[in-house]
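Per-chain numbering from 1; labels A, B and C assigned in written order.
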Amino acid sequence: MKSNKVVSLLKDLGLLLYAMFALFPLVWLVIISFKHDREMFNTTFIFSPTLDNYRVLFSSGEFIGYFVDNLIVSVGAIILSIVVGVPAAYALARFDFKGKESIAFTFLSFRFAPEILVVLPIFLIYQKIGLYDTYFGLIWIFQVVSLPLMIWILRGYFEDISVEMEHAARLDGYSWWQVFIKMIIPLIKPGLVASSLLSFIFVWNNFTFSLLLAGQKVTTTTVAMLKYVSSDTVHYGQMAAAVLISSLPIIILALAIQKHLVRGLSMGAVKG
Amino acid sequence: MQVEHKRGKFVQADSTTLLSNEEIKIPFLRKMRPYIILSPAFLLTIGILIPFGMAIYYSFTNFSFKYAVYNWIGLENYISMFKDPEFWHSVKVTIMYAGLATVIETVLGVIIALLLNRESVIAKSLRIVLIFPLVIAPVIATLIWQLMTNNSVGILSKWLRMVGVDNFTWGADPKTALFTVLVIDAWVFTPFVILLVLAGLRSLPKAPFESAMIDGGSAWFTFKNLTLPMIMPMLLIAVLFRLMASLQMFDIIFALTRGGPGNTLMTLPLTAYTEAFTYKELGYSLPYMLILWAFVYLISHYMVKYWSHTQKKASGK
Amino acid sequence: MLLRKFLAIIISLVVGIVFSACSNSTQSSGSSVEKTELKKLDGFDWKRFKGEEINVMLNQHPYAEAIIKRLPEFEKLTGIKVKYSVTPEESYFDKLTTALNAKNGNPDVFMTGSYQLWEYAPAGYIQELDPFVNDKNRTSSDYDINDFFEGVLNADKWDLVPGHKVGTGNLWAIPLGFEINVLHYNKRAFEQAGIKNPPKTFDELIEIATKLNGWNGEGSYGIAIRGTRSWATIHPGYMTSFSNHGAKDFEIENGKLVSKLNSSKSVEITKKFVELIKKAGPKDWSNYTWYQVSSDLGAGKAAMAYDADNFSFYNNKEGASKEAGNLAVAPPPATKDGDVGSNMWVWSIAMNKSSQKKDAAWLFMQYFTSKEHMIWGATQANVVDPVRKSVWENQGFKERISKIEGYEETFKSIIDNSTIKFTPQPEFFNTTTEWAAALQDIVNGADAQERLNQLANDINKRVERLRVK
C-alpha cells in the first residue's frame, strides 16, 4: 500500500511539472498585462501594477469592435457548420451509398489543405465576387477549418446510436424529423458541444485567412493583436491584455462545459 | 453484446434505406437521399476546390506580382524546384519537424492524459486548466515565448544563467533553433492530444480493467494490451490532426526565426511563403505547396484507412 | 481509385480555369518613362472634387497616426471623404501587394517604402506623379517640391531599368518621412567606462563596444544590431557601412546585372561587421528586429545601437523608456577616409494606377506632404525625420531635437551624402533576404568569402530571371 502512495505522489509530481511548463507562460502573460511598458524588460516579479493597458484597450472602443467582429464570424461559422454538418455526418453514418468513403475523406482532406496554398486564389476570387472583407466571406472560408472536424466527430456519434432505437421510434408513429430532433439530437449533444468548442477555438484563433481576406471593415482580434507591435515601440503590456481578453470567451466556455468537453469527445459516450 | 448493430450500418437487402417498406414506393428519391442530405455541406466546401484548381494552373506559369504579364512555362517551375538543393533541405527539415513534433506531443499527451485520468485532487483540479494553452493563437504564443527566451531580458535566459548555463540562445542558434520551435509547438498543441486521449480514456468500460487488476497484471501490461488498443481510434485522430498540421506549420517558425538562422528552419511552407509573399513569385512558390499537399493527402489517406481498421478492432469486430 | 476520382475533379476544374484565366492575361508592360494624359483643369482649387470618396491604406506607424489625426481638417478643406485601413507592418505589404494585384482601384492611395516601388512600378501598379506635380492646375502654388531633400526625393525616382540608380526617371511616390542610420550611444554607459567621445572609426567602435559588454549588469552588452533572416537586417547599419566602405551590391557588365557581393571590398566590410556582432552584439542576434534593437537601447541593455536615427528620438521622450534622457547620437563610424553618408529608409505615399479618383487622391497626397502638415507633424506629432528642408529650420522642431545630443549635428553632417545606396531592381527582397541568411551563416562560423561567393552566385541566377530589360 505504501508503494502505491509513493507512486501516486510521483504521478502528481509529474503532473505538476507539466503544469508548470504549460501554465507558466500564461502566468507570465497575466503579469505583463499589468506592467508598464518601461518596466517590461526587468525580469523581476516586483513592479507597480497598473490597469493602464486595459484602459487603453477599452478607451477607444476599437478593440471592442474587433472582438465583436471575431465573435460574429466565429459564431457564424460554427452555426453554419452545425446546420450543414449534422445532416452530413448523419448521412455518412447511416447510409451505405456509392462513393461514401471517398466523400467522407474528401471532407476531411479539406481540413488539411495548406492555408497558404488556397488563400491567394481565394483572395482573387473574393475580390471578383465581392466577398472580400465581408462577414460572410470569412464565415464561408472558416468552414474549411470547422466543418471537417465536426463531421468526423459527429459521424462517430451517429454510428454509436443504435439503429433499433430509431426503428422503434419510427414504428411508434413518429415522423423521421421528429425522431431526429427529439431523440437523436439530444444523444449527440455532448459531441456537438465538444466539437463546436474545438472548432470554435481553431476559428477564433485563425490568422492567415482573417489577415488576407478581411481587415478594413471586418477585423478579427488575432489580426488586431499585432497592432500592439507598433512602430515606435512594442506594447507588450497592451498585447498581453488583448490576448487575455480575447481568450476569455473560450476559457469561460471551456470551464462552463468542462464536463461535456471530455465526455463529449469520447465517441463511446452512449455505450452502457 | 446486447446491441448488435452498434457500429454497423444497416445490413438489409437494400442498404440505402432506413425503412425498407417505404423504399418500394419512391425508390429514386430514397436512393438519392444521402446525396441530398450531403449536398449543402458539399456545396459549401466545394468552393475550396476552385482555388486548388487555380493553384495548379498557376504552378505551370511564371505568374508573379512583380509583372503585369505571365506566360505558360510548362514544367519549368517543377524542374527547377527538384534541381534546387535547398528544396531537398526543406523536405528534410519539414519531415523532421513534423515527425518530432508529432511524436513528442503524442507521447507527452498520452502520459499526461493517463496521469490526469485519476481521482487525485491534483489531477481533478488540473484537468481543464491544462488545456488553456490551446486557446492562445500560435502567433501570439510565439511572441510570448520570444519575450521569455530573449537573451538579455528574457526570464528563462535569466534562470538558465542562474544555474550556470550562459550560452543557450534558443531560436538564435542553429543548433537549438529546432528544439525551440518544438518546445513552442508542444506547448500549444500537446493539450489537443491530451484532450482527445482523455476523452478516449473516460469512455473505457470499467470491467476489463477490474479483471486485469484481479489477475495481477502489471501497469505496463494493462496499458499495452488493454488501454492502448481501446483508445487507439481516438489517439489516431489526434496523431492524424497533429501530423497534418505540423507538416504545414507556418505561424510558429515564421514568428520565431523566419526560417533562420541561415536556412536552418526553411521548411516547405516557409519556403513557399517567402517565395510567394516576400519575393512575390507565386508561380515558383506553388509547386512547393502542391508537393506538400500531395504528400499530406497520401499520408492522411492511409492513416484514415488504418483508423477505420483500428476502430473496428476496438469495438471488437 | 479514390485518388483518381479526386484528380479527375481537379483536372476538369483546371481546364475550366485555364480558359478563363488565359483570356485576361494579356496586358502590355510599361515602357521606361511613362506619361499619363490627364484631362485639363482650370486653376487650382482644393474644393473641386468635393463629394468624392477615396480609400487609403496605411501602415501602422507614427506617420500614419499624424495623417489620421488631421483627416477631419482635410475633409473640411476639400469636402472629400476618406476611408482608411491601418495594418501592422508585419503584414502590411502582404496585404498591399495582393490588393494592388487585384487592379480594381482600391486603395486609391497607399503608404509604401521606396524599396517596394522597385516591384510595384515595373508591374504597372503605380501612377507616376510627374504630370500631377508639374501641373499648376492640380498642385497648389505653395507646394514647393524643391523643398524636399534631394536624396530623399530621389529615393522615389527610378527609370525602371534594373541597375540604374535611384534619382533617374519618373517620380513614383512622395516621401512622408525617412530614417538615416546613425550610431546611438548611452551617455551613462560612456561616462561610467570613462569614454569621452563616440567612436569615429569602425575599429574604435569594435573596441569600445567590446569594452562595454556587461556595462549594466547581467545580460547587458555593447551594441544592438538587427539580425533576423529578413531584408530589414541589411538596409540599416550594415548597408550604411557597406556603402561607406565603397562596396557595391551590383554592377552592369555587358548589359547584364552582376552581383558584386563577393568582391574584396564586400568581404572586408562583411568580416568587420561580423566581428562587431560576434564580439559585442546581442548573443541572440539572429532574433533581433528593429524593435528588439530599439527596446534594448531604451531599456539600458545595449550601450549602443547602429540603426535608424529616430530610435533615440522615440526612446528619449520622458517616460518612454528607462534610459530616456541618456541617449545621444553620432555619425556612423567610418572604415576609410572621406565623407560619411547613410543608406536610407523612406516611407512614402503613392497612388494606385487603377484608381478611378486620381485627382482627389492627389489632393490627399498633396495635403499630407505639404509644408503645413510636415511642420505640424514634426512639432506636434512624431513625423521624424521630416523630409522638407524648411522643417529643419523651424524653431519648434529645432527645440524638440535639441534634447537629443548630437541629433541635429549628425543629421546635417551626413544628409548630403545620404540616399538609397542599393541598386534598384525588382528582385530586391530576394537579394536582401538571402543576403541576411548568408550574414547569419557567417556569424555562425561559415567562411565569409566562400559564403558570399555562393550568395553572389545565387543572386546572379535569380536576376537572370528578371523580365524587364
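Here is the rule we use: a residue touches a chain if its C-beta (ideal position, glycine included) is under 8 Å from a C-beta of that chain, and two chains touch if they have at least 3 such contacts.
Here the structure is a predicted model, which is why all the values come from computation and not from measurement.
> More C-beta contacts across B-C or across A-B?
Of the two interfaces, B-C and A-B, more C-beta pairs touch across A-B.
> Sort the other chains by how far their Cα centres are from that of subunit A and give me the top one.
It is C.
> So how far apart, in whole Å, are subunit B and subunit C when each is placed at the average of its C-alpha atoms?
A distance of 38 Å separates the two centres.
> Averaging over Cα atoms per chain, report the distance between subunit A and subunit B in Å.
The separation of the two C-alpha centroids amounts to 15 Å.
> Give me the residue numbers in subunit A that touch at least two other chains, ranges are fine.
Counting only residues that touch two or more other chains, subunit A contributes 40-41, 105, 109, 120, 124, 226, 229.
> Out of subunit C, which residues touch more than one other chain, so two or more?
Correct list: 2, 94, 98, 101, 295-296, 299, 301.
> Going by the contact rule already set, what residues in subunit B reach two or more other chains?
50, 52, 54, 152-153, 158, 297, 301
> Applying the document's contact rule, which stretches of subunit B touch subunit C when the two form their complex?
Residue positions touching the partner: 49-50, 52-54, 56-57, 62, 65-70, 146, 149-153, 157-158, 161, 167, 169-174, 256-263, 274, 277-280, 297, 301.
> In their complex, what parts of subunit A are in touch with subunit B?
8, 11-12, 14-16, 18-19, 21-23, 25-26, 28-29, 32, 40-43, 80, 83-85, 87-88, 90-92, 94-97, 100, 103, 105, 107-122, 124-125, 140-141, 143-144, 147, 149, 151-152, 156, 159-160, 162-164, 166-167, 170, 176, 194, 198, 201, 204-205, 207-208, 222, 225-226, 229, 236, 239-240, 243, 247, 250-251, 254-255, 258, 261-269, 271-272
> Mind listing the subunit B positions that touch subunit A in their complex?
2-3, 5-10, 15-16, 18-19, 31, 33-35, 37-38, 40-42, 44-45, 47-48, 50-52, 54-55, 58, 108, 111-112, 115-116, 118, 120, 122-123, 126-141, 143-145, 147-148, 152-155, 158, 187, 190-191, 195-196, 198-200, 202-205, 233-234, 237, 241, 244, 248, 250-251, 269, 272-273, 276, 282, 286, 289-290, 292-293, 296-297, 300-301, 304
> Would you pull the subunit C residues touching subunit B in the complex into a rising list?
2-3, 9-10, 13-14, 16-18, 21, 25-30, 93-94, 97-98, 100-101, 119, 122-124, 218-221, 227-231, 282-287, 292, 295-296, 299, 301-302, 426-427, 429-430, 433, 436-438, 440-441, 443-444, 446, 467-468
> Show me the residue ranges of subunit A that touch subunit C in the complex, using the header's touch definition.
38, 40-41, 99, 101-102, 105-106, 109, 120, 123-124, 127, 211-212, 215-216, 223, 226-227, 229-234
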